[in-house]
Amino acid sequence: MGSETRWARHLTVIVSLLAGAAVWEIAAYFTTRAFWAPLSETVGSLAESARSGVLMRQAMSSFQLYLTGLGLAILAGAPFGLLLARVRVLRVALENYIMMLYATPMVALIPFILSMMGFGFAPKVLVVFLFAVFPILYNTIEGARSIRPELVEVAHAFRSSEWQLWRDVMIPYTLPFAMTGIRQAIARGLVGMVAAEFFLSPSGLGQMIMMGSQNFDTAGLLAAILLIVVLGVCLMDLGRYLERRFAPWRGYE
Amino acid sequence: MSTNQVMLEQPAAGFAPGAKRLLASPPVLKVAAGIVLLCAWEGVVRVFAPAYVAKPTGIARVFFSVVSNEQFLAAAGATLWAVIQGLVIAIMLGMAVGLAMGRVTVVERGLRYYVNSLFATPMIAILPLVTLWFGYNADARLAVIVFAAFFSIAVNTCDGARSVPLEYLEVARSFRARPLSTLLDIVLPSSLPYLIAGMRLAAGRALVASVVAEFFISIPGLGYYILFNSRTFKHNEAFVAVIALVIVGVSFEAVLNWVTRRYLPWARRD
Amino acid sequence: MVSGAGRRFGALEVFREISLEVGEREVLVIIGPSGCGKTTLLRCIDGLIPLTAGEIRVEGDRVVTPREGVTMVFQHFGLFPWKTVYQNVAYGLKLAGCSSSEIAEKVPKYINLVGLSGFEDYYPYQVSGGMQQRCGLARALSVEPRVLLMDEPFGAVDAQTREILQFELLRIWDMRPTTMVFVTHAIDEAVLMGDRVMVLKGRPSSVHEIIDVDLPRPRDRATLSMPRFAALRERVWSTLMDDARRAEFEVKR
Amino acid sequence: MVSGAGRRFGALEVFREISLEVGEREVLVIIGPSGCGKTTLLRCIDGLIPLTAGEIRVEGDRVVTPREGVTMVFQHFGLFPWKTVYQNVAYGLKLAGCSSSEIAEKVPKYINLVGLSGFEDYYPYQVSGGMQQRCGLARALSVEPRVLLMDEPFGAVDAQTREILQFELLRIWDMRPTTMVFVTHAIDEAVLMGDRVMVLKGRPSSVHEIIDVDLPRPRDRATLSMPRFAALRERVWSTLMDDARRAEFEVKR
Amino acid sequence: PATAAAQQKLTLGIPGIPPVFAGTIGYVAEKEGFFKKRGVDVTVRAFETGAAASRAVASGEVAVSLSPTPLIVNQISNTDVKLVGIWGMEHPDWLIGATDPNADCASLKGGAVGVDSLGGARSIALRTMLLGCKMKIEEVQQVPLSSNVGAAMVAGQLKFGVLHIDDIPVIQAETKKPLKTIITQKSIRPVDHYLLLVAHQDQLAKNRDAYVRIVAALIDAERFMRNPANHEKVAKYAEPTGRSGEIAVQALKAFVDMEFWPKDKDGLGAKNLEMVGNIQKKVGNIKADKPAPYERIVDPSVWRDAKAMVDKK
């Protein structure tokens, strides 16, 4: 019975994936090529750009941007978040502003960044950074706010010193929250990357999309979008994995 | 009681504890931090940046003329209205799809990969396609907003519907509840907190989507207002629109919090 | 009533060959170490899940689905957090198809019976665990069942409240005796409440012993001081002891 | 040891004018209805929070901060979810500044004492509540305190496990008697564990009565069957009853 | 003449936010009421780029747009989009300007040059003009700034930019420094083509009358702009482009003198368009075997009918 249900489960998924592919392919025959390109052509275009090395170059350029921005966001966000977690005065003073920035659609700042910093690599990194850093800060602070006072009390009861408290309680407790923030940052950073590549100087996958759309090269456009979808899914999974990985003890939730 | 209260309960040593407490009281701290941040911004811009760059005094100077400007109001109204429309559509569609996915296994398996992967996709990427399908008009903006918001609602509602605690379903079964009554009495309320979480996410995404759409499609709205004014080097004016966006974003958050407190008092996050 | 009952979850056989009979207005207490399948057995009797062997009859009919006239009080209270105390109590009546006038009449009556008057508009999270369980009790009693299934109803409340609730339940039962199957961990409680105590043991568990409790009814606090009580208590304990020890060391999940 | 103690949280005065003395190797049990300030009093004795009136002396010194030689076992276990059983037990020793060889020697000893051998590498969420509390107990015992403060150590475990743990604690105490302040809700437990039972009552609460428990030591299961036990139990209950009832109806938060 | 076309709301897309000065003709036709006079209801709308505007035409959203000729030629040659040019501006006024008075071709190397968008009109022009410097496009860094190249240069963000003639006075006025013209498009290639008024083939077939009236209104507008007496007024209409007052009047003179807006012709010179096609093929923007034929790119008949309509009156 077990294997049968597993088979049935796979079957529905396979059928749905095949149906999706078929719809994609067939839809192209009911519209002009400018509106929609069949899956086969999209894959062809993808293969072509992979062969010519364009794909690799553009993807690397995007990745470089993304990783730099995200990395800086993590390097800046996590320690600062932890600091805010512990230093109550700082946290109380800043938490509302951080929540505000967390809720701000950062794309709106792109025109300013463009006209202030121009078009190089740095402003694009800044965009990714801005997209990514606030989820980390926000979640770390949330973690700090929700820290269980019992545990701090235990530490005090055992005559813990300040830095022992950090090592044994604060950091382990806040880490999973920071990880949740990093998962969100991974997703948001990707949006930031595409936005930066669209609205600052075109480069990478964003440029591929722009060029595809400008030249009515819908197959190329879809290929680039497909790539971003795959990237998004992989990064999302990576984020979830990280979140679980750093909190094996969270099983009780 | 938070961590640090535990420590603050330690006998307060030192002089003038009253003054110290006043200085450390949250509102004072918050306002002080705000002032420091604004001064830092003003200072940095004055020293390092060209004259046109937005700074607090500049923004304050133009603020009232901008917010009473008809064009600005129209732009803000257009964006807000589009976001609200988009959210309403996304919430209705997303709830329907999410509930179906959460409660009907076949639907879940059929749609899982699509919904999850589109949830993970930055919706900006499909902007060029959307403009082709819907044209360079408000419909396209609405479509982008719906696209951006729909998936987070669907994913969250689905999670909510799937994680209805078994014990509640068991109680309902034990009292011989019919499926419809189970859906209305139990599945729906119990997935509401998830739905709210989805809406919180969706509201943020919808705002980003509308701004990006306006950048791209060049239709009146706050995004376009920002783009146009910053391109003509009127950064202060443009920044007022950013402030408007922040207010919109924060008020969504506030409304959701209020709704949660008022109507879902039982769904507190611990 | 239950004959040759067995239930397995996949490879795990929870219990086997359980037969028992509960007379009208009798209180049968089931006691056993954690994880021995008490809750599972009760769920089978209520018709929530099917047996994998044997059969259950209530009032002569085979149980396949929850039947009218049988109600369960849950270990986890099973209150809906989004309903007030009043609405929770009304839930059972509403599903039983009572008219709203009937509901408006019965709900306050049962709320009063369990001593919750004045708390009608509170949400479960606003009242203490003991009050939550009273509310669950009122919900179950309000439909005036012929058979009450109680799954560790006082397992999650503090010791003093538990004592209070035990005697209150005895009082309610004396006023309106119903057939009752009462599951518990606590030996005091088993001896205090039951006409007979059934000890489940083993892996898969089965009926180890059925102990007749020959304490006079109505029972009250004085019952606790009877030497017979202490003797029965000790008897149940010694029956249980070895198993409970072993179960305690078994890793959860 | 404690004299004229009082404590208020803002406008709420939790208790007042509590004086008590605990002799060496004596077990003083504090019992009282929920919310009467038992935990608060214990936290004051441990030096985690200051009194607002009166003073506390341990071994002649005034308590202002947690002192060496006094350890607390928490109602909520207070285990760090990110540490394994072993690491949790080692925590107290580590903070006490023990060398790692000392830790490596003592931790297994105490883990064995509480019957947790074999579970060293489990995370708290992987073991049952009873085992979690044993772990908390091992952590407290491992630093070999002269005074043990126990805050409802068995409040969150199921009834059978509780019985087992009670007698295990009695066994451990007989092996190595320490001064102990034991807080509980349960009357059985109070009478079983204590040399004296102090009943807190009222709002703000104060010492209502101190009952001498003249049951012989070592105590074991046979103690439960003694008529004297039932009588003491009844005595404590009647002292408590009214208050407990009232407290039960008080809305939480 | 109230025809069916009058009921329909039509849109003319022009490139740039804020729009390029070439789009002034659209504003004149709209605000001076030429569209209304010809019986069509047309609004002018600015798009981020000419490419976006042409996409809007392709999607049926917008009736006509002014879009860069090279781009349209590429699109038509490479894909099956049903765009067709019905009117055009033959004379590109592109130049590479520098804020540094000592700049020359050599100093361009590796520098950042402002364009509208990658593959956009300025970018294509840059590629062409770099031929005159014996450089390849890869040797400079393109910075896409829509129509804000001038503004970015004013702000000191950029040293070099691909500019319109009318950008020069603006930049000079703002920076109070002379602007160095490194090279102009005209000096490299006298025969070229700048903008096409493009329509969707199907829409054009369905609603030809309306398109004729649009072009007729544009012809009216051109005549209006040619008259120096109207320059003040035109300068006011040009306000959305960011050029106003004296600067606009100056620019207007220059543009009229070079017959920027075609004077009594359709602006669809076959030689010019073929030239564009060949260049695009040569630089690799056209992937097809050869550029689309002249007949596929344009439809001069609309202008002929429009001219007849204007002359009839």
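Per-chain numbering from 1; labels A, B, C, D and E assigned in written order.
In the analysis below, a residue touches a chain if its C-beta (ideal position, glycine included) is under 8 Å from a C-beta of that chain, and two chains touch if they have at least 3 such contacts.
Only a predicted model underlies this, so the values are computations on that prediction, with no experimental measurement involved.
J.: Which neighbours do chain A and chain C have in common?
T.: B, D
J.: Among the chains, which has its CA centre at the largest distance from chain C's?
T.: With centres defined by C-alpha atoms, farthest from chain C sits E.
J.: Roughly how far is chain C from chain E, going centre to centre by Cα mean, in whole Å?
T.: 84
J.: Measure off the straight-line distance from the CA centroid of chain A to the CA centroid of chain B, and report it in whole Å.
T.: Centres of chain A and chain B (C-alpha means) sit 17 Å apart.
J.: Averaged over CA atoms, how far is the centre of chain B from the centre of chain E? Could you give it in whole Å?
T.: Averaging C-alpha atoms per chain gives centres 40 Å apart.
J.: Tell me, which residues of chain A touch at least two other chains?
T.: Within chain A, the residues that touch at least two other chains are 34, 114-115, 153, 156, 210, 213.
J.: Pull out every residue in chain C that's touching 2 or more other chains.
T.: Residue numbers touching two or more other chains: none in chain C.
J.: Return the residues of chain E touching two or more other chains; collapse runs of consecutive numbers into ranges.
T.: In chain E, the residues touching two or more other chains are 55, 58, 148, 155.
J.: Hey, which residues of chain E end up touching chain A in the complex?
T.: Residues of chain E touching chain A: 51, 55, 58, 71, 74-75, 78-82, 112, 117-120, 142-145, 148, 152, 155, 157-158.
J.: Any idea which chain A residues touch chain D in the complex?
T.: Listed in rising order, the residues are 150-151, 153-160, 164, 168-169, 172-173, 247-252.
J.: Any idea which chain A residues touch chain E in the complex?
T.: 32-34, 114-115, 118-119, 201-202, 207, 210-211, 213-217
J.: Taking the complex as given, what residues does chain B use to touch chain E?
T.: 50, 52, 131-137, 215-218, 224, 227-228, 231-233
J.: Which residues of chain E touch chain B in their complex?
T.: Chain E reaches chain B through residues 13, 17-18, 45-48, 52-53, 55-56, 58-62, 146-148, 151, 154-156, 242.
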